[in-house]
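Notes for the one structure printed next.
Every chain is named by a letter (A, B, C and D) in the order it is written, and numbering of its residues begins at 1.
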Amino acid sequence: MREACGVFGIYSFKDDSPFRDVYYGLFALQHRGQESAGIAVSNLEDVKVQKGMGLVNQVFNEQSINQLHGKIAIGHVRYSTTGSSNIENAQPILINSKYGPVALAHNGNLINTEDLRCELKERGLSFIGTSDSELIAALISTSDKSDIESAIIDMLNKIKGAYSLVILTKDSLIALRDPNGIRPLSIGKTENAYVFSSETCGFDIIGAHFIRDINNGELVIIKDNEMRSRIFSNDSREALCIFEFIYFARPDSIIHGRSLYESRVNMGKYLAKEHPVRADLVIPVPESGIPAAIGYADESGIPYGEGLIKNRYVGRTFIEPNQEMRSLGVRIKLNPIQDAVRGKKVIVVDDSIVRGTTSRQIVKLLKEAGASEVHMRVSSPKILNPCYYGIDTATRAELIAANLSLEGIAKYLDVDSLGYLSLNNLVKAVALPEKRFCLACFNDDYPVKVPEKMQSLKLFFK
Amino acid sequence: MREACGVFGIYSFKDDSPFRDVYYGLFALQHRGQESAGIAVSNLEDVKVQKGMGLVNQVFNEQSINQLHGKIAIGHVRYSTTGSSNIENAQPILINSKYGPVALAHNGNLINTEDLRCELKERGLSFIGTSDSELIAALISTSDKSDIESAIIDMLNKIKGAYSLVILTKDSLIALRDPNGIRPLSIGKTENAYVFSSETCGFDIIGAHFIRDINNGELVIIKDNEMRSRIFSNDSREALCIFEFIYFARPDSIIHGRSLYESRVNMGKYLAKEHPVRADLVIPVPESGIPAAIGYADESGIPYGEGLIKNRYVGRTFIEPNQEMRSLGVRIKLNPIQDAVRGKKVIVVDDSIVRGTTSRQIVKLLKEAGASEVHMRVSSPKILNPCYYGIDTATRAELIAANLSLEGIAKYLDVDSLGYLSLNNLVKAVALPEKRFCLACFNDDYPVKVPEKMQSLKLFFK
Amino acid sequence: MREACGVFGIYSFKDDSPFRDVYYGLFALQHRGQESAGIAVSNLEDVKVQKGMGLVNQVFNEQSINQLHGKIAIGHVRYSTTGSSNIENAQPILINSKYGPVALAHNGNLINTEDLRCELKERGLSFIGTSDSELIAALISTSDKSDIESAIIDMLNKIKGAYSLVILTKDSLIALRDPNGIRPLSIGKTENAYVFSSETCGFDIIGAHFIRDINNGELVIIKDNEMRSRIFSNDSREALCIFEFIYFARPDSIIHGRSLYESRVNMGKYLAKEHPVRADLVIPVPESGIPAAIGYADESGIPYGEGLIKNRYVGRTFIEPNQEMRSLGVRIKLNPIQDAVRGKKVIVVDDSIVRGTTSRQIVKLLKEAGASEVHMRVSSPKILNPCYYGIDTATRAELIAANLSLEGIAKYLDVDSLGYLSLNNLVKAVALPEKRFCLACFNDDYPVKVPEKMQSLKLFFK
Amino acid sequence: MREACGVFGIYSFKDDSPFRDVYYGLFALQHRGQESAGIAVSNLEDVKVQKGMGLVNQVFNEQSINQLHGKIAIGHVRYSTTGSSNIENAQPILINSKYGPVALAHNGNLINTEDLRCELKERGLSFIGTSDSELIAALISTSDKSDIESAIIDMLNKIKGAYSLVILTKDSLIALRDPNGIRPLSIGKTENAYVFSSETCGFDIIGAHFIRDINNGELVIIKDNEMRSRIFSNDSREALCIFEFIYFARPDSIIHGRSLYESRVNMGKYLAKEHPVRADLVIPVPESGIPAAIGYADESGIPYGEGLIKNRYVGRTFIEPNQEMRSLGVRIKLNPIQDAVRGKKVIVVDDSIVRGTTSRQIVKLLKEAGASEVHMRVSSPKILNPCYYGIDTATRAELIAANLSLEGIAKYLDVDSLGYLSLNNLVKAVALPEKRFCLACFNDDYPVKVPEKMQSLKLFFK
């Protein structure tokens, strides 16, 4: 399972050019996407954009500081499946429309793009890439409203799915979340500027303080140094993706007032209560399993330890391993600490299981390293349904939990016992009302109705 | 004065992938544009494009051969003024429209882009770059016709100015020239393929033979291995840019059955008849003045020689000279052969004079090298009017001949005598009817009416 | 404090080219150096090298596989101070000498280079870069011995300091450790090859099994598919750098039969016994402080948790923060989890303190995040003396513990209490005899006498 | 036949940093080598070098101006055969020796490198690349003299062959030519600096005036703002490579007071006298055959014209043509002007014939273009012997004139007649005493005895 994108926006009251702030903000959000990065800036006269493939510190250099001088800025980091990995899909996208220049950056996944794209093509529009952002920009520019704000509302009435957007015009900065608020987006403030960020860790790095989350169906606009809010949709329930709590967001971020770290530790504690087992050691699958493992250890009284070391230099441009190495599989990324697990009954905690392939290899690694028993504990429920709103997951056919019984999974993974956190306890761990979340991958209750044709597709979301 | 763009297209009957042919074709057309290069290819299923800044052999490498495998291909080399020099404007442009993927490459300059762009923006379209090609593509995709060919005709009814276009769809290749045929475009054939090229030198390099020029107002389409022709406009006179004969096209190319080289030699001969002078030596301003200087020498009986050596490695990324060097001016590109000109009466032949700045420096160089007399002869008439159809020339205020008398120019250039070829003799030298040419820069007779607002602009054409 | 270099070597019995193994081996050793990477390969006929600035997966690509085809190979990853950061100093170095081609890669730091360099210059040699490796290569090539092995012994009699070397000739692979064995180097084996690696994690990744550590003063040579050992020095005590145990080596590696991870957990346990304190939470400074923090928590019974999140994308080419951000300091790399520490008495465990600057900022971060008390615990003794054998440390004047009392340090760091692990307990934690280690930075007992002039230098080691 | 290298040196009296002058000087010498470029600079304290593969304007950028700030500088452009094309062999080479830093740049080819290299290896030196420069540097550093000047003399007593060298130390600039003066090197002066350049066109571009050529066996040293001369060898006859006059040097350069352009025009005139033929047109093989063709036309009274157009964008990184194109051969570089040659008796003038392959293809091109007769005239004698001093020529077995009679060559080339300039007339054309030249490739009289083993080698000179 991989991350979605990250967006960032800033509107400076003072003369300071906000480039550095966006740069560092994106750097803090880098875990949400490593494929491409981009920043668009307005100096109130015109709008410029720079984007490229790679990490934030590969795309920008000292020259960018001058080239992207301005007063308002947005930025984007992108995660993408290999298929559509190219510069045409990098964001922010910048267009020249009848409303003047408009730049936008998107985190999420629309579910009615095919229909919208067809309609627009029939109206005579054409597309250069395949990104949702280009489609969203086209929907704005084809509005018949006279002002950009109304044109954006027009567009919002057409698109369906998950979206947290930041939009830049020559003189304004707009941020909004879809009617269900599936992806997060927060408002912060420094002495000199208003700031938007997918996660609050983007505020911390530039010394901004958190003001509040944008609500589902809310659009916030900053213009002439003032911020206004507008509700564009209030007939939908909130449905924040629970996987932001389970896995996506950085543990030092805060969503809806809840610490990601604390929530995950709680998941581990409830997991220990639900699925206790006698063992010598609790270890995480690094890095995502760490807080839940800490929670499990704390609740169970079984010592916490490291059992697997992750190579922190794993990157994109990799020479393929040969046949012998491929059989070593996950070992390129993870190596067991033999002395830590040898002869021990080990509880290994991971945040989730999608296909089960990696988990199976991890169990094999631990047993080869001498673990006498391996008990797998998962700090989320069984994933039974695919996601259509922006997670790079799989078709139902590939989801191990959708196809095997608990015993079947345990056998496939070759574990001595297996336990998933219940949905009930997951929600308790986060300590927010269940109805505020999208839990569709667990309970099949999709907040936005998904077109039938989409359900049969092989899904690779971004 | 600098070159316009070059376009190339190929439709292969056989299984051979035409990539290499486009590559070499563009290489032969490289003199028409060095800023960016691009190739789009269809394998009948989908269309791919690769483009980049720089020369053909910098943009493509061995990997391109596999990435651009197909059956139909178009290519482009671009010259551009600095202002709009960026990858967004590189061609071919590729869009996904209701007609499927469409790629196109353009040589020329439209004169009603501003109005068209406004209209399209009002209809809801937006633009990423500033190139004519993106506009042309948008006009195709917004047609309400049911097939791509009719949509192209629709577009042709809207655009005004100079254009030679090659257009690629999934299964067809289209080439066409504007109603006046301002820019050249020819049809050739190999054993395996039909070929289009801005100049016939693009045929020679791949062993294709010339069939005929495309006519003004003619569209040629190849589909299902067959070529058809269609006249989309027949109410306009032909008006080929005479500067293709004076300067742009390579001397080994042939347009309208006339050898560029022979035409230029003839210009030199007529120039010798019109403006004879006693002298010891005829030298060209390399490289464009060579054929006319040869003609002048031949007609006058005065020996031909070299007097200025051009550094053939002059390129784009140049460290600025310091103050002392700047006073040396044109010497970085041109160096006089002192022993060849010292104590001699020298006739120096150039193809044209725009602002006069370079000519003045050349005269200074020759006098410092010891020439006792310098007689400037120009193988084209005085440039009195700006071009709006694709030459990077200047406003009227910058055109020296529009502002000074012959004596005034001679004095500014510090020459002992000065002679321009008459328009009458220029046409005789080319040996085609005068009415087949656009001679607007000499005689103010613009084949396409130019909007008034455009006439007042500072013009940088591409 | 930063890492030293990593070396790797492989001698294949079979026809398999060992390139991929070196590539992955270096990838596992990447934590020892990120500045440059290189691989040299012999196919028994000639030797080729490829090296470049950056990470292993930035320097090599698919083409390297063919270019570096062979039977024997060595590789290197380099850490360096900025001053000498350039391609001339990248390794392996490859020379053509009277013994034929010789490539070598070095981990460590010589202390008599200045004298040796002078002597060689007097003999007429010259140098292109400033690396120890170039000097070592020159000492080999200037030997008057008739064979390369004796020439290497000759060289070993001249150099002083810390060195673990792998050397490649046309038909042999040699590995050796200095008379004190200051840097580690181990022997491993796959079905097809002998392998040398700075750390055993380099064996795990390619499926090799560990055979033994090379001894101090031992040279191991593989030729004609056979391995021989030779003692070139046996009058010096073993003196392995204790910092390999404290910080350098990866926790999943094993040195002298001792697990790095277990040793570090033990350090934390002894630290808890020596410096107990009432508190709510034990947190590590990530990543190096994790095992000791786990040990501290386990021993003390105080819960273990995360309190600081490290941005895993911190890299080299960084846009400088502006003034406001600089005041945020370490926050770019580390961000506190407010909800985890707010209102709590926190024990923060780090592996060592050099200058104290970073520790001070971490304490400030935690207090601002609301920690009611911060107790710093350090899993190594006070660093009182500079290192001359390969650690990027500082002059004595910069070492905080060499200049302030315990109370002074605690005050500077603004902690509520401060405790260092005693030397005695450090050694107990590793569970190897004290005399097998170099502990000079703690106890001033340098295993190799350091020239006086060197002691007064500002030291930047690599 | 391809060019040798170019060297440049400058010593500034004033505070101006000479970087730009070297940059432009190398730019003027670019025709002598396009593989790599480099500049070394001393600011009297230390010496820095920057070098890279490619053209001068690809290797250096604005940053270089600051990085290479100083008072004394040397530069180099390199031509090389593919085999040894790599950055290790780029120049200037910079070493740190007992004499301090020494940088040097070399034009020429030594003939006793193998012996010298062996001797030095026996003494314990080793080599990183295969260039003569690295060897020359090693010979300097191994001298037992106490000062650098004497060490250079020492080195000069050992090396044999062709060399024009510029050498930079911390505080001096040295330039010298081998005892025979096989390669050119001249002294120039600006208001602010002394300048050395392989050709005088390097002076013209920076506004320096020519003072004199360095003599064979002369060393010129500039130190403390003063220039001294020293004869290090006076027992050898001068033997300037005649090919500098025939082909290498730029036509606007002057050597030994003789204009290259005038000399080549004279060669054409003598050629017309020696080998007259009735014809309609004299055309050059561009660009090297132009001046001789002008001379031939002038003398014979037959009109001069262009018949072949050379693509000026031919470069290094070229996609290989496919089979069909390969049969087109030289057409990628040269295209005939059909209308200029059709039905005509054409005299085609080239500067020399080495293997004959290209000439043969040119004749074929012209005949296919319709030339009724093709008469080949060569402005140099038959090349009968290989060159060992720096020209990229061929073994005797490959030299067409060494293996076929005049009739045989004419038949191979398929020309209607063939005429070579006689040695006697070549010398007359240059108008300098025959004994001042190396004419070995024509008359087997090698000024420096060539080792027998070298004579049997396949030679690729640089």
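Please note the rule applied: a contact is a pair of C-beta atoms (placed from the backbone, for glycine too) under 8 Å apart; a residue touches a chain by one contact, two chains touch by 3 or more.
No experiment lies behind these values; they were computed from the predicted model shown.
Engineer: Counting one step per pair of touching chains, how far is subunit C from subunit B at the shortest?
Structural biologist: Minimum step count, subunit B to subunit C: 2.
Engineer: What is the size of the turn, to the nearest 5°, that moves the C-alpha atoms of subunit A onto the matching ones in subunit C?
Structural biologist: 180
Engineer: For subunit A, which other chain has the most distant CA centre?
Structural biologist: D
Engineer: Where the centres are mean C-alpha positions, what is the separation of subunit B from subunit D, in Å?
Structural biologist: 36
Engineer: Can you compute the centre-to-centre distance for subunit A and subunit D, using the mean CA position of each chain? Integer Å is fine.
Structural biologist: Those two chain centres are 62 Å apart.
Engineer: Subunit C to subunit D: how many Å between their CA centres?
Structural biologist: Computed value for the inter-centroid distance: 50 Å.
Engineer: Any chance you could list the residues of subunit C touching two or more other chains?
Structural biologist: Not one residue in subunit C touches at least two other chains.
Engineer: Touching pairs of chains, which are they?
Structural biologist: Inter-chain contacts occur between A-B, A-C, B-D, C-D.
Engineer: What residues of subunit B sit close enough to touch subunit D in their complex?
Structural biologist: Result: residues 20, 23-24, 27-28, 30-31, 34, 55-58, 60-62, 64-65, 201, 204-207, 250-252, 254, 259, 261-262, 265, 287, 290-291, 294, 297-298, 303-306, 309, 311-313, 315-319, 321-322, 324-325, 327-328, 331-332, 335-340 of subunit B touch subunit D.
Engineer: Can you name the residues of subunit B that touch subunit A in the complex?
Structural biologist: It comes out as residues 94-98, 102, 121-128, 137-138, 141-144.
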